[in-house]
């Protein structure tokens, strides 16, 4: 699209304000302004449709990173009931950047695990901006094993800019913690459903990203490297992230095209941040369907299919034996 | 152990390890201590500096020749070559250039061999080819090598010289190689078989967050750079106070991430002890 | 949840938790904030201070009454009593005194019960009896409770109020209870059954280095002291710089050692969710 | 015994010096002083026999703590071949207070793990005086699982004053690490032989102390609490450790009496520190016998017996049902 998303979002915000104003006047003064309201709302819808008809990879990146977007704990609150958060890796810490616990999806007990970004400054700090540490991946693995022990499906919500790469995380084995999870998640004898819900940042995303089904929200991104990082390497200019975003194919559509994602989950018009309830309802419906499909499989088939699903990922040419 | 590994044929360029300005062939210069080394002597010393013990980069083929029983290596899956699924600008050209420079079809050589008489499969990434970054071909060849070991109930040896981690030119497909290779190792492990990973300079990022950390045993060459975040990225990241030996093999040993730092000359002996310990898996069910 | 747990019978002395100098019966004083509390109100509040939320010690019988479904508890193994295998000076006398003071035969009460309708076995150590230290009887009763849960394929709930850890008057036999109880839990775990440990003030040393750390889920009451080294010993040890909340439930939560810090009033609800999550083990084989 | 062990050890050292002196003169001067040497050696033997005929718990405590006593790496060097030390817990550190690796006992590959004290000041510091940290117990567990994977027996050598109780170890889950090992060691599907070789200090010892057989060196100690700590609690006087040592029953004889130890391994006259080679030879013979006995058992029997072995430990009275 031509205009920058920032400009258009300002326009959208102005329109919404106007609509709110007219509605308030209607209430306060009792006059019938329904026509005006409908006209404005039509205008808004058209603008949203126009704007998000064909968003670029960079548009999606901005949407995926929108701080008003629903986070893992929002989805948990809106989709599941009886959530009981469980803490700690039983080794050395409780990482706030990954949350997890037990909860019910309707009548079905499951384990839910996800990256958690923070909304305000204090929570962002506590959550390390969603950059998970080794302790987070190890907590996730502990909870997955707990779920396996009691034959409960696992739902993983991915939303991280990447794994934490501080000196402390290197000292505590950030590589090992992600690698271990990849290894173990292929052996879990219960259904695992992964949802790329916001930012799917590289190894930090994949560290809880192995499952029988991988769903991806329409405006989420999933990438081997942040576009800015890619630009810094290719063009030695981190500001060319927009260009890199296009090259990297980080959209749900692209991930689906290569079989990396099984299903793209629709978001409310304009993005999940515009209607948390609606986003959660759509996701819940998808989760219900996949949980029930996967529970119908016997464990050996489940594991065989999970292996095969990832086994075929890759694009190469095979010539005559040389 | 000294069966003249590097005396027999033309030596490929030592890549980043080779000193600049010194005529190649007779002499080479140590990039660490700047000592000028007589090439034949340096080669007989397994391309380890005779003065400061700096371990030069090896090519994948040199590494294989150095590790396995002479004449026992049979390459597999050499016909797999990279595509350019994202039409990433410059990728096709880069592949061609690196192929010409290294004589490899991609950043990995894999196959079967004997080591001290023990059959095993192996896969060796080569940092001279796009810094050993893992694209679809690296992931596929390595996965096949591990799967073959599982099928044949033999150990697998994976050698990393992968400074680039993931190959961003293949986007998400590159990331997925982490999952794919880990899956193959999970099955190999579950079958009760031995996997050994040897980490050489450099071993970073996606490699370390997948198969590079998943051996039953992790060995590393002295002073090899081993870590999660590569150089350029880490320069951007807030690293906090890094110790002097940050991301070295010795740092990782100290932090419990690897079993041993093993000088190049001891590798074969160490590997043979480990293979003997693991024994014959197909006959190994007795407690 | 409020089914008048402490209104129905004579309340045992609150032990170390009870304030000194305040006439017992009508009033009690909070040892933490010094507030004088109306006893009936304090009891209705599950012996949690109404002002500062300090969780007073409970006896094992109070704890059981508070946690399980009314009338569902059946005590087991009450006839086991301690011997004095090492002829440790003063031990026999100490056992007698503590028995008289608490009305218990040893520092643990164990049996079967229902919790939210779920059958389980439970074992509760009582800090009023020799600080809940684990001798042969504590180890044996707890082991039998866990073994019974394994045999019946039901969950087990272990509640620690064991400040003393091991009972040194029984020497090495006391240490061996750590192994014995862990063994029973290993089998219970391997059978795919749920174990929950609730850590209350104080939970230290040998308890924590065995069954106190081995639940699938570890819950703790707020501000409970939980740690490896007990007070007197730690006073001798070089502790380095300890944070203000060292060895508190909150410290252990922060360090990843426990799942949750749960206020007393929420315990039953939390336990019921966990029991529902674990489901019916005998029918649980379906994925 | 009446005289303090310190006095007697001084006497012994003097006698040994004298013998050495006479021997040297014999060599240098060529004179036959065999009679004198034999007389002195006889005197030494009698003194040693006298001294160690009936050592108290406190005498044993001193012997067990003797810094010249063989440590784990000494036993490994003297008993096993092809030892390859393996490091790290794969989580955050490599603890020097516990060493482990693969090695051959004659033709049989095994895993050997043990606490390691340091001999000189630098090594003592590096080994934390044998006080193991959580990282040490987790390394031990990792190596045990490796051994289990390849069906190799495990030998654990116990020699620690206790587990490390620093703030750092508490922060990293020292309790959990010991508890986890107890739990897991009961499930290891390979033979495990434990040797209480020097100091068997409470939970820190037990953390690698669960096995199918528990051997104990004649002068080793095994105790729920250090005698000094016991004295500090009972009499509020840590200096009354000698008294406490008697009450605690921390000798091999006592541990054997209660079934806690299966076999007491004889030491050279005067203690293992007087002859490392001889101590190692005796221990090696015992290990060979136990490994071969245990390897004859099928795995289920092995695990059943291991459980039963610890299950019966405890002394209590069982009255009529109350």
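When the chains are written out, they are named A, B, C and D in that same order, and each has its own residue count from 1.
Just so we're on the same page, a residue touches a chain if its C-beta (ideal position, glycine included) is under 8 Å from a C-beta of that chain, and two chains touch if they have at least 3 such contacts.
Note that the coordinates shown come from a computational prediction; the quantities given were computed from them, not determined experimentally.
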Legend entry - Of A-C and C-D, pair with higher C-beta contact tally: C-D
Legend entry - chain A-chain B separation of Cα centroids, rounded to whole Å: 34
Inset, instruction - Would you kindly tell me how far, in whole Å, the mean C-alpha position of chain C lies from that of chain A? - result: 41
Inset, instruction - Calculate how many whole Å lie between the centre of chain B and the centre of chain C, each centre taken as the average of the chain's C-alpha atoms. - result: 53
Inset, instruction - Would you mind listing the residues of chain A that make contact with two or more other chains? - result: 90-92, 171-173, 176
Inset, instruction - Return the residues of chain B touching two or more other chains; collapse runs of consecutive numbers into ranges. - result: 255-257
Inset, instruction - Check the chains against each other and report every pair that touches. - result: A-B, A-C, A-D, B-D, C-D
Inset, instruction - Show which residues of chain C lie in contact with chain A when the two form their complex. - result: 192, 194, 216-217, 253-260, 270, 273-274, 276-279, 284-287
Inset, instruction - Provide the residue numbers of chain B that touch chain A in the complex, in ascending order. - result: 78-83, 85-86, 88-89, 105, 136-137, 139-140, 143, 166, 168, 170-180, 182-187, 189-190, 205-206, 208-214, 227-229, 232-234, 236-243, 246-247, 255-257
Legend entry - Residues of chain D defined as touching chain A within the complex: 90-92, 134, 138, 171-173, 176
Inset, instruction - Flag every residue of chain A that touches chain B in the complex, lowest number first. - result: 163, 165-176, 178-180, 182-184, 186-187, 202-203, 206-207, 209-210, 222-225, 229-230, 232-234, 238, 247-250, 254-255, 258, 260, 307, 310-311, 313-322
Legend entry - Residue ranges of chain D in contact with chain B within the complex: 82, 84-94, 102, 109, 135, 139, 146, 149-152, 189-191, 295, 297-299, 302
